[in-house]
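Report on the structure given below.
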Amino acid sequence: MNTYKNFSQLLLKKHVEHLNSFPSKKAVHHFIDELLALLFPHFSEQAQYLSVDEIKGKMSVLRRELTHILHSLEGRMHNSAGGVTEIFFEQLPHVYELLWSDAQAIYEGDPAAETLDEVISAYPGFYAIYAYRIAHIFYEAGVPVFPRLITEYAHYKSGVDIHPGARIGHSFFIDHATGIVIGETTEIGNNVKIYQGVTIGALSVSKALAQKKRHPTIEDNVIIYSSATILGGETVIGHDSIIGGNVWLTKSVPPFSIVYNTSEIRVRSKLEKEQALMFHI
Amino acid sequence: MNTYKNFSQLLLKKHVEHLNSFPSKKAVHHFIDELLALLFPHFSEQAQYLSVDEIKGKMSVLRRELTHILHSLEGRMHNSAGGVTEIFFEQLPHVYELLWSDAQAIYEGDPAAETLDEVISAYPGFYAIYAYRIAHIFYEAGVPVFPRLITEYAHYKSGVDIHPGARIGHSFFIDHATGIVIGETTEIGNNVKIYQGVTIGALSVSKALAQKKRHPTIEDNVIIYSSATILGGETVIGHDSIIGGNVWLTKSVPPFSIVYNTSEIRVRSKLEKEQALMFHI
Amino acid sequence: MNTYKNFSQLLLKKHVEHLNSFPSKKAVHHFIDELLALLFPHFSEQAQYLSVDEIKGKMSVLRRELTHILHSLEGRMHNSAGGVTEIFFEQLPHVYELLWSDAQAIYEGDPAAETLDEVISAYPGFYAIYAYRIAHIFYEAGVPVFPRLITEYAHYKSGVDIHPGARIGHSFFIDHATGIVIGETTEIGNNVKIYQGVTIGALSVSKALAQKKRHPTIEDNVIIYSSATILGGETVIGHDSIIGGNVWLTKSVPPFSIVYNTSEIRVRSKLEKEQALMFHI
Amino acid sequence: MNTYKNFSQLLLKKHVEHLNSFPSKKAVHHFIDELLALLFPHFSEQAQYLSVDEIKGKMSVLRRELTHILHSLEGRMHNSAGGVTEIFFEQLPHVYELLWSDAQAIYEGDPAAETLDEVISAYPGFYAIYAYRIAHIFYEAGVPVFPRLITEYAHYKSGVDIHPGARIGHSFFIDHATGIVIGETTEIGNNVKIYQGVTIGALSVSKALAQKKRHPTIEDNVIIYSSATILGGETVIGHDSIIGGNVWLTKSVPPFSIVYNTSEIRVRSKLEKEQALMFHI
Amino acid sequence: MNTYKNFSQLLLKKHVEHLNSFPSKKAVHHFIDELLALLFPHFSEQAQYLSVDEIKGKMSVLRRELTHILHSLEGRMHNSAGGVTEIFFEQLPHVYELLWSDAQAIYEGDPAAETLDEVISAYPGFYAIYAYRIAHIFYEAGVPVFPRLITEYAHYKSGVDIHPGARIGHSFFIDHATGIVIGETTEIGNNVKIYQGVTIGALSVSKALAQKKRHPTIEDNVIIYSSATILGGETVIGHDSIIGGNVWLTKSVPPFSIVYNTSEIRVRSKLEKEQALMFHI
Amino acid sequence: MNTYKNFSQLLLKKHVEHLNSFPSKKAVHHFIDELLALLFPHFSEQAQYLSVDEIKGKMSVLRRELTHILHSLEGRMHNSAGGVTEIFFEQLPHVYELLWSDAQAIYEGDPAAETLDEVISAYPGFYAIYAYRIAHIFYEAGVPVFPRLITEYAHYKSGVDIHPGARIGHSFFIDHATGIVIGETTEIGNNVKIYQGVTIGALSVSKALAQKKRHPTIEDNVIIYSSATILGGETVIGHDSIIGGNVWLTKSVPPFSIVYNTSEIRVRSKLEKEQALMFHI
């Protein structure tokens, strides 16, 4: 009973210490969903296109919502909420074009995709890129926390975690996408293809390195197959290279490289099943 | 300001170009959820079983919903909406039996599973197989887009991406499931077990190959351990084989094979932690 | 038509056979969400802290909800619903402290994290640990099914699957988290770091082994990099060891070990792209 | 502060004293809404008719809901929850016919009504009769509280308060309906028309009279115009009578009577407006 | 049991006979609510004013919704759905001005009203006039059923039933409003005040009279006090007249009349309470 | 088209002029609903009583909600939002007792009421009194608009319109309630009974009289039957009087009076129905 009371007091103490000026997650998710439905009506409830007046109206509502979200962060960034909102809507048309280039890249790269609309509406990879590109605008504008809430929302929906700080060129291809992790200081060129399970990460992670480039640079036209891991701030994957699946790579490779595991697999034939299990594969 | 107006016009142009006859995602998700709650009441809100009249009533509602969804696609498929609905409900009892065989396989294969009901209600692998088997009926009936919306919904919920075009036998085991990707022309036999992070994919992905078999064939009783990658349309994994974890495999192996990495790991003892990080593992 | 009728009967038969005394998934999810919003108001809709009366009031509501959920399981556990509720709230303050230690570990281990609040609200790894630690209390109290419904909910939200039966020390670090699987009889010490795609699993999975230790032991201060796989109930990773990425490990290593793949990668320079694809990497 | 604590204790005391075995208002409203949408699909969300299987399915769901509501009252009625459910569904077809006779009466009696469907979907009078006729079945079956919750719900929606205990013949006409009050022991014959603001009430209301007939009897084919008030358990309005508006009637009248106010109105011509107000009309 | 089956069949028969081309009530209510929130943002969820783009956007959405509702009625009206939508939005500015004149009239007529905003947001009378004026546009355009669904929605919310066919001038005052009924062929001039419980109705209601003027004409500047009843198609209340409360009036009165009951009330003093009740007042 | 643009501009102009600092209606309704469910758990969703901690917790939430609502009005009242909140919660226990006295009065006065709980949960009269008593506290504390939003919400739900400014003693009885209107400066004593359709109003309503007593005084133990109208600021109904139904009263009566219409009704026997209608009753 005594403990019980103390726990309430402890909770209160923690509540008071934390949670000053934090945007509501619900508001963030609503903004991201509504913006997506405006840019790509495939995601709207009715799946239908809009009139110019509706488009402008929705954009105006989004401005208001965005400014409202940013207000809660005003003490913690250089720009005003209104200023960031301006920056965002100035950059949106450019990002919109990038997103169409991404959709095109996925469509061309996956034989299973029948139409561009299918890519937009049914590919988690496209969704993850959308969220990243939106979040990146805010990251560049010096907004704290908010960009991470956006990409984490996409992570939850798609299984892809692209840090808002990463820099990614046009025509970026990720499709099934699950399990991709791309770190904060990663730089990725144009026409890069990345398959599921790939990590573009840091070698060793320590707080002191927060301001340094800790993640690799991937140049134009690189393809990285599933479950490959590429680490380190000084690692550069030269343009037009191909990185095989399940590769663990911590150093640079020149342009036009093909990287693959030297280890060959071994195949034992005609083994009894019972033995196999005992053998502790 | 000028740009702003142009952007609205650009959005409008894109809206008009796309989104003709597309099923509403919300309608698709509702259908999939309600069908699941009918087949496995563990997923219904009350978690309780139904009377025969309720079962028939719900099936009738589902027919209506399904026909409604399919109407929006009628210009793009050979069958009528009504015709596809008929096909679907004819095949449903067979698929239902397959799903019980899958649940049984998971129950028997995972010592941690206490009851069949636990498998059905709490295993993401089972959910993913459910969605795939439903989507596969529509894929076979020549319905565009809709099957992908179904499996992408399951992907979002379970982290498993099985293309509706894959052919999978009975008693299919996937449990924790996260990160599994199975491509469009994959063929999987009976009693196959696949662990998390496994990719059954294509070697090189180019639009020209859309009509060809691009993904492997996995024969009966094969086990594939976590994070293995098996690629290529001509790759056949012979029956009763075992593929070890983290294996990268792009060629066929005969029946009863055991495949594992030849690379041994190296262990350095008593290293200082500080050095380890400098050493760039 | 005949089949149609039979199918209804079949569904009914299955409905009746299953679904005795099962907690509603909706109720379970609500409990987990509300408890989280109480412990960490970052997850509440308003993102604001509460008064002591509100805290106590919410805790009282949660007690009621919990007891209600547990009632449906009373025939299948040793304790009464009320008894388990008591146990749970006694242990909650201790678990709460562990969770702050986990948040602190993530904050310190990830240079990209700007504040502790960001970790709590935007890191899927933290969410997964939260759900696991809550579920573990019920697992220890002998409650069936319910713990799995909790961790599966977290799996669905975060892509991380930690079995409620695992034992995990304080200051546990997982961040991007997607694709991590940790088995039922795993034991993990203090200050352990695990990256995305890691599996801590069983070597061979057969129903007969349900009561045995089937998963590895990870001692204090171990770091396991992305996509490593560690298997087997007798495998012990000695304290202060580092396991490299994409490693497949089925035997014990002593303390202070560094484990990494011996296989080196091969790099072919200046290859034509067309050839690369023909080469079937 | 002291008071504050006492008030919480006071609330608790009141909470404990009251609220034993009470049906949830939300459940009652849901049952009434769903039943209405089944009987008259004009009230369903899609405004469309159903298949026989859907009809049976919904009826089965309603049986379940009803039994669940009645369980909470089992200690306070002679029949079991299941027994009352049986009675209700046996009587429903008869009540359904009565409701169509009521709709027909309104349609024929109101020149403004264009179709029977308009009457059903847009006349509050019809809605109020529906709720009354349903509630009356439960009243007759000896169910406490529940019938009142039903008619009060209709009162809230339509402004008409018909006590579930009243007995009302077929082809009952009320249209605009607002402000009609009909007491517990009222008896109304066939083909009766009642306009807005009419009260069929008790003369003096005292607890001791609870078991006596306290409200009037209205015989067949009577018309009662707006804002008339008819009171008293011994008052009988003979068949084929017409009661004028704003009449206050506390005694019986024979068949074929016309009842109207003897008071004539006075008309002052050409009065100045200012004076009129001073005149205290 | 036999009956039960028959009842399902009976329900089906009724379902098929009725409900061809009917607008969804939910859609109608949504349209009316959203239009109101656009015209008077007091009713919007945030209670805040909008940008011009938002206004235009919402108007565009409303056009779409309206056209959609009207489609279901196209077989039953002379204009196309699109044509009626055009007519509606042409007339809307005029109706908007009338509504401000009504609000002004209520504000000036009720000493209790503190601001115009209070009238708009908290007076049921204003709400009822709003719904009537909107519905009247559709009535004039020859749309069936829809206008009645609108006014019935207002009736349910405000207790006021104004038939969409009535013609009402500017600056119409109704405040508390409950129980007011105004019939289809009523004509009301400018600056008229009507209090609660007033009926402006027909003398005798028979289907044959559907095309005739059945309800009174109320000229400019008339005041009608609570619970008065004015009936008959030939009844004309001359301008600047005052009709007292509880008056029953079935013939015309000239301009500047004051009409009141000649019956005086009788007051018995010092009666014992017990006697009073026995006296059967 | 030109008009269309102008209308948008007009709407904008009106939007800007109005709607400064207005509480959200949704917030007001939520507060009133939650407070009711706290005071009388019959209105809570689960219809169950609460623990002391829950009671305190909910009260704390309500304080927060109330303060939030009042903030939007701070420029327009003498007290601070916090100050009014304090006043409100100080007065709440007293009002709570009054409400139990009201429920008791209804229970005793209506033979149809079976329990006190039935009165609380199913009598619109009780609901209306609840809302009035709550609103009255805010009226007395000088809060603008908010009290009216509360009583209008009750009006919409119950058809009863009691102005928050009215003063009403304990044990106030209204039951069916529809159509009751009680004006701002009305004073009502203890143990008063008022039936449906009664107006306690002003004689002539002009803005200049806003600060004067414009409505009657009703002394203790008075009963007013249905559809009576009592008007005028100087009208006093002496204690223990009875006012008959449909009476129109604009002057004072002494204590113990019985007031009823002198006009007798006339009854014509054996009239043919056809004639009756021609007779134009």
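Observations
Going by the order they are written in, the chains are A, B, C, D, E and F; count residues from 1 in each one.
Keep this in mind: a contact is a pair of C-beta atoms (placed from the backbone, for glycine too) under 8 Å apart; a residue touches a chain by one contact, two chains touch by 3 or more.
This structure is a prediction, so every number in the text was calculated from the model and none was measured.
Taken together, subunit D and subunit E share the touching chains F.
Fewest steps needed to get from subunit E to subunit F, stepping only to touching chains, is 1. Touch-path distance (fewest steps) from subunit B to subunit F is 2. The pairing of subunit C with subunit F is characterised as same-residue: of all residue numbers used at this interface, over half are used by both copies.
Chain centres were defined as the mean of their Cα atoms; on that basis the chain farthest from subunit C turns out to be E. Chain pairs A-E and B-C differ in how many C-beta pairs are in contact, and the one with more is B-C.
Centre-to-centre spacing of subunit A and subunit C amounts to 22 Å, using the average Cα coordinate of each chain.
Subunit C and subunit D, compared by their mean Cα positions, are separated by 56 Å.
Of all residues in subunit F, those touching 2 or more other chains are 50-51, 55-56, 59, 159, 178-179, 197, 206, 225, 227, 244, 246, 260-263, 281, listed in ascending order. Under the contact rule stated at the top, the pairs of chains that touch are A-B, A-C, A-E, B-C, B-D, C-F, D-E, D-F, E-F. Within the complex, the subunit C residues that touch subunit F are 50-51, 53-61, 64. On subunit D, the positions that touch subunit F within their shared complex are 3-4, 6-12, 14-16, 18-19, 22-26, 144-145, 148-149, 152, 155-156, 159-161, 163, 165, 178-179, 181, 183-184, 197, 199, 201-202, 205-210, 214, 221, 225, 227, 229, 231, 240, 242, 244, 246-249, 253-263, 277, 280-281.
The touching residues of subunit E, when paired with subunit F in their complex, are 38-39, 41-43, 45-52, 55-56, 59, 89-90, 92-93, 96, 100, 108-112, 114-118, 120-124, 157-159, 176, 178-179, 195-197, 203-204, 206, 225-227, 232, 244-246, 250, 260-273, 276, 279, 281.
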